[in-house]
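First chain A sits with chain B, and in the next complex the same chain sits with chain C.
Let's turn to the complex of A and B:
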């Protein structure tokens, strides 16, 4: 810190002091003098909702490329996605059918559950040996034993189609963004939009363009699940050491070989985190996908919770988790295996075993129906247990929990909310602009102040402030919990395995499953919403911090130790500092995750922008929904850019190289 | 040999198919053999109504497909013809979306399905001890009674848990017009609403909330609806009408029909099905019983629907015959 030039510092401080004092004056006494600074006057509002609504209508009904209507193009894309989906669905769930609907005749049964579990086990054995085979079998057996097989196969079909498209699309976009800096700049806000715009905001246009059904669900899933893959690809390619580039050049790689044979394999670890994220986020969309015709496990969860059957909801939810874990571990192991040197002739025994298994299971299935479909009588159910458990906690601990909740509400949540709501929008816009200017120059200032102004100018200031309060506090809690946990487990293999299973569960278990018991204990409202947001956002904080810490070159840590650093110094001076790019990406993702939960918080009665989006959906008003969705995305972009610029400025001051 | 076996197995099948065809030929003569897509939502009553309709249509020889869809998002699919029939659009909660959709001309209102939606403020029976004047709404004006319904956040006012904002319902207006010392809190979703009721009921704690019927809750929990001044259209529109001469909404919530809504092309593509759908009706008592069977007695929807079909053959064959 001593390296800082003193005069500039005092200058900057003075500037901030003046700005804050001016805002405070406006805040304290401006209400009467300049009421327009508090409530944005209706007459000045930009009718963005109407414009966007009209544009959407035009796109859906009139837009055309030559003789082809835009909706014909999207329907064609839908048909392209639908074809593989039908194939997978008939293989896993419906069987080969002739005809449609209830008059369809089954020509060939689907893969029996015994064969499917067996195939998963074989694949596990092939990719990762006995431990993996056991994990995968346990996951799939769980699904069968709890009677979720049929629904799980429907869900699996859409995931099996969505994930490869998401991974390939994300990878290509990421590579293109790494090659072309202008594309990178253009793509960034688009990715932010894709990840933070609540699905409900663009659900209606998607349904019209892609048709009602599983395909629309796959498209919505892709929009949500692809961005992390793109981000991680770009980040990973940038971090490939210069020596590897040199090596590639020395052996005379063409640009194409350089990308696919050298750089992509060299950045396998972060890329696999990307694949993991695509799988996890796809499964996270299962609930919303089920609302637009995808059916499957998401529908079971919703249906169970409407009956307040927590046990059934939890079982369907955990089946989603089991699928997620099985798919993730398999894909990780396959990738690891693909990069290992191939063993000759090792593949065929597995293929032969798989074919034999399918054939035997099919033949047995003709005689024993229990082999074909899991018998209803052998199904386990934990519903009565969970109902009793929730009741016991409710009756025993409600008063204690209520007191705790009230204490947190009155000392923290309510004051923060009141304070944010009382701020004049003009002052906040000015301060954001100033922060942008100090940290990143005029461009950033124009961006932050401009976006903040747009939120006010479209008449959403109050809801936006509630959103900032809810997501801001939640992000803070998530980081405060997540980063220490990540530091604690990053270099302990067993602890990390357990933590990883835990955060995978948190990320894929539909929040609805634990939200309803939480509502029983804490009533509807901000506190309940915050629990859901923190539980979900903490995943990003942990995952990315661990990724960064594990990527630190062990030689550097040893060098530090040799120089006599204490553990604390190694942590703060070496490990955290070198992991900073990933940690920053983690902060970005924590904010994005928190904002993406607004769809869910709207369902427990908050009054934020997520609720606006939801209301717009119910009133069939895509304009309003998209405007509120954009406001959410703007908040995300402002927060992300300011944090990023602050970190860059900090690194420059510390004399580290810029960039990540 | 295997070939002969295969054929001999096929022959009765073909025969029965032929018989099935000839019996239904009258109804579905020159109609499309494409499946009619019915939407399923996430509450039991709707699953039952839809599957009843589906079974009836199957008996008439139509091919039927069930598609899971969101209550509100489904209108997009109905307009484009991706979906064909929604069996339960509630006057009380779906009116806006339905009207917007009907205005496009691509969707047709196929008439009420016979069920009556009831929505009102509701309290568990044990609350009567603390608030003896109930179910008369004027009892809620008593400060002691309001306090009995209060929580730390709302005290001394009572807490009324309303439905999701999207349901509308004019509860804030009602509280103001009737001068009730209550604060309206909105649950975000149906499930949250009943989770709060379940929680309070287990602890015998105070709760006053929005309940609707047909639903399993009035069957499972013992309680009553608050009796507000009876609803009339003028009460909502004309301030002069009703108890409070200066304000509208000074009465209870409306009763309402539940509508069947379909794709406009349904009429031309499957004329017979169109008639059968229009003829379909069922009443609250039957429905309440079936919902109880499924949600509280643990039967499957399919079994309950099959029982109804067996017991009411005369009724549904009349719908198809028209």
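Let's turn to the complex of A and C:
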């Protein structure tokens, strides 16, 4: 970004002062003089929601390229996804059926649970040895024992279909973006939007285009899970050393050989990270996707949440976690295997063992039904226990929890919310523009001010401010917790290993799972939402701060010691100072995490943009949903760009390489 | 060797990096100062050279002098901004992309500074890779690759992966791979720079051994002058993209054309660069004097002189005496070197 020659620091201070004072004056006395600066006039509103609604209607009913109607295209995509889904589903869950609905007859049973657990164990053994095999078996056994097997297999089916499509699509898009600079430029904002736009927002259009059901759920999952693969692919291909390119050309590779024989295999380590990302994000989508018909575990969680049946919800939630851990560990181990020299000829015995296992389990299943389907009688349920526990906590600590909640609400949450809501939108837009100009020149200024204005102009200012307030406070708390934790563990190997294992696990949990315990204790409302968001986002704060602190050149710390700095001085003057760029990126990530979680907390009754999106979803109103979703994406983009620019400026100031 | 036909000729080659370099070069003209002022980087400036068949042509210069860019121009890995490159008398810059692919597949081989081995392939697969790309059947290419692996002394390591090998072994794989297609023209871009001094020496010896068997036409890049005089038939010294001087090691040491070359060669012991033939007198040698080949360096004659001989009989390739190397001349040369 080419910055205009920005004014010198003293000027800059004065400029800020003037701007803030002007805004303050407007805030205090402008209400009567310029009411339009506070409430965006209805008459000037951009009816974006209506436009979008009409556009989607038109797409569905009239759009066509020649004889090919748009609805044919969606039907084609649906068929493309539906066919493999049916195959996998009948393999894993329903068995081969003949006939429809309740009159269907099972011709061939699905893979028995014993065989499935065994296959997982074998895969674990192949990819990572005995410890992995045990972990994976434990996860899958957990799912079976707690009676979640049926639902888990439905969920697994959509994952099994979504992941290969997501990986292949992301890979191809990434390669294309790497080849064609214009496509890369065009794709970048699209990917940004796909990643910052709350999922709820595009559920509605997908629902309209693809209808309620697993296919629509897979499409939504793909939109959510593909961008990181695309980005990682482009990045990985760019990182391939120039010499490897030269090698490819010197031995006379055709462009196709260059891509598939040289570049893609040479970057398969980062690509496997992408595959892992696709798997994890798909799992993260499981619950949300169940809102548009994915069924399976996600549906169970959602249902339990609606009934406030914590026990049932928790069990289904934990089953998702078990599935997530198993798939995560497996894919990581397979990635490590792919990058390590393979042991020769080790594959056939595994394949043979797998086939034997399936056959034996099938034969046994004919005689012993318990092998085919996990027996009802052996099922454990902790549901009553949890219900009792929550009840006990609520009875015993009700007053305490309630007092805590009310104290924080009245002293902090409500005042901050009031303050933000009373600010004139015009002043905020102007200040954002100023910040953009100072940090990144006029282009950034145009972006930040423009996006903020669009939020106001589409009539969402108030909801957006509630989002900002919840997100801002949550981020603040996450940082207040995360940064000290990071400082405490960054330089202690053992502590960091433990912490990292913990936050890695926390990150594999689908975001809904965070809601459960909080709702149990605090019921619905802003406070509950905030706690869930903090719990979800604190991971990012810890991770990046540790990254920054560990990256500080140890020679500088030694130099500080030699100069006689105290530990505190070393921490504040050297380590935190030098880690600032990473910490800023951590703040950025924390905000992104917070925003994505905030949308989900709409389920517990917030009144922000997330709620708007959620309501639009339940009413199947694509215009409102998308516009509110875009507003959230805009907030995310504004925060992201400003913080990114600040981090770059810091890096430059510290003379660190200007990567990024 | 001196009268062999040139295999590769480079005429007025420029490589300018920067936006719209070609237009700019045409507009501004071949003037490095003005190009730099216009924000462009003239990495290779008006280079003329001719590499003869069967010789080791070393391009030597400090970091950033444009060696890699020049050698990439020679194989058209980067497109020269202007000039001509003749390979076997044919202008490479006029070749289509398909023709270039064919030429690179069958006539050129390249060894890279950081080895550029493909991490997912074994040693054997890496060496066979150029053949695989050409579509050579598996049995043929594996046999050929095995031969090459043995040639560089790595027999038995065929199934290893690059990361399991030491740096020196990895570069042996790189060398084997570049030789697998039996190239006419062999490019080596600082092949030994990433290695420890001892391993570097070992691979230089290996390289000399290979070349005595294979007689390839070689363009060898280095920033190490010792390496250059050890290996080169002729050396081109580069500075800021320009060639300062081309000559045999001896010519550079004895008759540096510019101050830059003089500065470079000053630290080099002359005895290592100067050949016996240039220091000998034409007078017939005294009876019973020990023999020394005319092609040997003066340093190699040192042993015999130190063991008491006052003069050596200089012989040509057939062993016929052609002159005398006097002890005093050698001492004078050595003293001049340290003065």
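In the analysis below, the second predicted complex is superposed on the first by the 473 of 660 C-alpha atoms of A that agree within 3 Å, B and C clash if a C-alpha of one lies under 4 Å from a C-alpha of the other, contacts with A are read in each partner's own complex, and residues count from 1 in each chain.
Methods note: a residue touches a chain if its C-beta (ideal position, glycine included) is under 8 Å from a C-beta of that chain, and two chains touch if they have at least 3 such contacts.
It should be emphasised that the depicted structure is a prediction, and the values quoted were computed from it without experimental measurement.
In the overlay built on the shared chain, the residue A:266 is in contact with chain C alone; chain B does not reach it. By the touch criterion defined above, A:398 lies against chain B but remains apart from chain C after alignment on the C-alpha atoms of chain A. Looking at the superposition, the partner that touches the larger set of chain A residues, chain B or chain C, turns out to be B.
When the two structures are aligned on the shared chain, A:66 is found in touch with neither chain B nor chain C.
Contact with neither chain B nor chain C is seen for A:41 once the two complexes are overlaid on the shared chain. In the superposed model, A:181 lies in contact with neither chain B nor chain C. After overlaying the two complexes on the shared chain, residue contacts for A:249 are found with chain C alone; chain B is out of touch. Applying the stated contact rule after C-alpha superposition, one finds that A:384 touches neither chain B nor chain C. In the superposed pair of complexes, A:602 makes contact with chain B only, with no contact to chain C.
For chain B in complex with chain A, the residues that touch the partner chain are 33-37, 40, 42-44, 47, 54, 58, 62-65, 67-70, 72-77, 79-80, 82-83, 96-97, 100-101, 151-153, 161, 164-166, 185-192, 194-196, 198-199, 202-203, 205, 216, 295. Residues 72, 75, 77, 101-102, 104-106, 108-110, 112-116, 118-121, 129-130, 132-134, 159-161, 163-164, 181, 187 of chain C touch chain A in their complex. Listing the residues of chain A that touch chain B in their complex gives 99-104, 203-204, 207-208, 211-213, 290-295, 299, 302-303, 305-308, 391, 394-395, 398, 402, 406, 409, 512, 515-517, 519-521, 523-525, 601-607, 611, 614-615, 617-620.
Against chain C, in their complex, chain A makes its touches with residues 241, 243-244, 246-247, 249-254, 257, 261-262, 265-266, 268, 339, 341, 344.
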